[in-house]
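Two complexes are shown next, each including chain A; its partner changes from chain B in the first to chain C in the second.
The block that comes next holds the complex of A and B.
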């Protein structure tokens, strides 16, 4: 079974500082998002059961080192990697990302299963998996916490509020996964060195027969939440303070929802 | 010229940091308190990540690395382990094992490599260094342990005593093929020219040990060995008979890279801990970091640390270059750079640990912070392990200004 995993690199969130409510990403290294690692691990596990090939597909966006950073996906077990790096795609909107990824999946050719994280670690719009599936005319299952493939179909579990839903779709299909699906393995030195000789291609928009995308989205505002403290002091006995504290939390909607 | 790690080196660094933060860091205090070695699941996981294979070729179960980069990978390994285990137990256990395996691979016979290296790469053997004796360690040419060749037994027959050696309990735990690279006199009449460097498996008949109670790095045992008519076959020899002093010194240069890496890794983490605490803790209405008595001292520590990290990288790179393509650098040039790293790194790490404890106040004196553990652990490298600090200065004086400044010869 041939699997394509769409993998986004984003600034290392632990190193991003917020200044004037905007993210400061200068000199912050990029890394593969956590949910994309879950998707990669799911692909590697499926390949172990069913054979085939895993291709990591990455749209570089503003990451000038994406072709290096994607090697982590190869070390984690992907067989091949494709990076799409084009100056016209430095800050694409979700429609453009989906159009480019869909074209790249077509160019890759063999793809029985297309995997995504449920959303990216930075913007987390959660749109891309569904958009690509739509563009390619594939059945899609979102938010899978378990993925199995057999007899030309993919079977997924997902957690709803009060039940676990099991869905099945014929292959080829697109699936987005949640973090509960697995614990991604950390690649060791042997896997890192083996990744060095795995095929890695870098494509530009022209290689996909596409031109610069026209944006369909305008970002009006994208600011970090303000984190002001309320500076409420509770007085009285310890018991009274505790009651007042709990009531305040309920009033704020933190407790008792 | 490029001052960055390669893509693969950086990937490895990030991968092992992630693994060590998750699997070793939360257990460092427990390792220090239990005084019962490094837990097997940790060494097994480290082996799986490739950490024990950095200095060992793939044919002996090690990692497929370019030979001139092996010491750099080992340096990254030890730096990252030291960040995770500030007690210094796991970094020292590992640096001894992979550092002296590097020398076994460089100077050992094929049979010795087959016997020892695969078990080391799998994380199932300890390899250490054994030179110091009860009468002293810095004055190596005065050692008294002898192992003259016995034609009848077809073995070097070893008698003597060694002291302050890391790893006796670890050798016992793992069993064969654990042991130590050991300096002996095979021709006692010849002074340092009669010395041979030889692998001594810890399980051979005639070997016994005692242990000491150390002040730090409690997860790694230290002790003394007693040898009585121990028979060492020729396959265990490292380098040439009678050239042991030079092989040992070459080994010390590689080991000192890793010792410095352990100190700098611990120092880096210690300074980070201080950075976080002095940002959060307020006195007199402002964070501790706003007090220049603190921030300027931290800036000084940062400067020294950053310079030494770069300097050590240079030293590790030089040894790798020299070992794969000899003749690029003189022995003296490498000696001076490595001695600088070994001389300055332990003291800097100690200073950073002590400064951090001061910023933490009473809290810093408790075992709630790992800084006291770092201070106790790094002291082993100040008092002398892998070469005393004054010996490092002596090497630099000798190799920079020649015999007029050689303190080792009258």
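The block that comes next holds the complex of A and C.
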């Protein structure tokens, strides 16, 4: 079974700070998102059961080192990697990302199963998996916490509020996974060394026969939430201050709900 | 066992410098870095003296991601309610070819790691090396997690703690008395505010040292370096002095108190603390430099004890880069001769001895001993400030003449057996 996993690299969120309500990403290294690692691991596990090939597909966006960073996916077990790196795609919207990924999947060719994380670690729109499936006319299952493939079909479990739903779709299909699905393995040094010689291709938009995408949405504002302090000072004895403080918390709805 | 030509343990400045030289010459090299990325584990005060290393990899330094060239040097002696600051400024400190820059290691090391990768070396982050593999006394490779990888030569640039090299018997285990604890905050301030507060031309920087009251008499001092849009403010305190202290003062409290001092508070006012970090600093000088090479290995950077605190100038990063350069040269020579034994790698130590690295450390041989003198951190900063304070004081009484005031102060604080002894011991530094 041939699997393509769409993998995004994000600025390392632990390293990002907020300054003037905006994310400071200067000198912040990029990493493969955690949910994409779950998807990769799921692909590697499926391959172990059913054989085939795993291809990691990455749209570089603003990461000029994506071709380097994607090697982690190869070390984790992907057989091949494809990076789409094009200056016209530095800040694409979800529609453009999906169009490019769909074109790339077509160019890759053999694809029985297309895997995604449920959303990216940075913007987390959760749109791309569904959009790509739609463009390719594939059946799609979102938020899978278990994926099995047999007899030309994929069978997934997903957690609903009060039940576990089991869904089946014929292959080829697209599935997005949640973090509960597995614990991604951390590649060892040998795997990292072997990843070096695995095939890695870098394509531009022209290689996909696409032109620069016209954005369909515009980010008007993307600022961190700001909340002013209430600046209430309680006076009196410690006991009085504590009482007044607790009452204020109850009034705010923080306590006693 | 999988084999590569050269494994470098540690992706800091020493390791990356060695990797750059080797990869440029086509040697197969793999750098193993414990942190999430190069620079993640480093703590530096903040200044790289770039003049000593301009000759190595000259193409690199043109692009160096520095913060500010240092144009002003300030030393503040902190006494009892009085303090004295000396400013040393020179057109030749900054200018067209600055002698030193402030740097932030997260930026600097990542940049260098990228350059190294471009040259074809493999830099593997998040990779903790667990053991140096030895066979018949020779280092033959490393073990990381479950994987053993062989190498013709291992360059050990694992940093000050020498966890692997001391376990493998290549270097002595570090001792507290030869180390200091360094800790600092990076405090963000707008660049215009930095330039106003330190009287700087746009883009230029200042370095300021503080000694005396800020360490409460312990060996060490405070430091302040101006970056582009932040300052690095911290302290270095002798580990042994810190350990002997019985009043329960924790190191972080010293820094908090330092920031509250009336001389410092206005400098950091309005700043936002963006980072806090701490690290041990080698202070042992040349007496703590281990054997630099043996069969199948070289040691470089802080692991080799290549760091020099000469009271007003503090160096280490230039030594690290130089030692990496010479390590690469030695490995290239050893490869040509097909001899990675101690004899084949001996040119490394010879190069370091013939360069500023070990020459400057040799010149400063007496400094670590000299700095054990507590009067440096207690008596003198107080005495200098007290003397100058008296000269600048006018009160309701008739004033003594300038010479008399100075003489009185000199006789009281600088002319006794202890100070004469100190002056005598200074001739060696």
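Heads up, the rule we're going with is that the second predicted complex is superposed on the first by the 226 of 257 C-alpha atoms of A that agree within 3 Å, B and C clash if a C-alpha of one lies under 4 Å from a C-alpha of the other, contacts with A are read in each partner's own complex, and residues count from 1 in each chain.
The rule is short, and it goes like this: a contact is a pair of C-beta atoms (placed from the backbone, for glycine too) under 8 Å apart; a residue touches a chain by one contact, two chains touch by 3 or more.
Only a predicted model underlies this, so the values are computations on that prediction, with no experimental measurement involved.
Partners chain B and chain C, once the complexes are superposed on chain A, run into each other and clash. In the superposition on chain A, contact of A:27 is made with chain C only, not with chain B. Residue contacts after overlaying the shared chain place A:251 against neither chain B nor chain C.
Using the contact criterion defined above for the overlaid structures, shared-chain residue A:19 touches chain C, although it does not reach chain B. Of the two partner chains placed by the overlay, chain B and chain C both lie in contact with A:188.
Of the two partner chains placed by the overlay, neither chain B nor chain C lies in contact with A:217. Mapped onto the common chain A, chain C and chain B collide along 152-160, the only clashing stretch among 62-70, 80-88, 98-106 or 152-160. When both complexes are aligned on chain A by C-alpha atoms, chain A residues 68, 186, 188-190, 192-193, 196 touch chain B in the first and chain C in the second.
Listing the residues of chain C that touch chain A in their complex gives 2, 4, 30, 32, 36-37, 104, 106-107, 110, 114, 117, 122, 124, 126-127, 144-147, 149, 188, 274. Residues 7-8, 11-12, 14-15, 18-19, 48-51, 53-54, 63-65, 73 of chain B are the ones touching chain A in the complex. For chain A in complex with chain C, the touching residues are 12, 15, 17, 19, 27, 29, 65, 68, 186, 188-190, 192-193, 196. Those residues of chain A that touch chain B in the shared complex are 31, 68, 71-72, 75, 186-190, 192-196.
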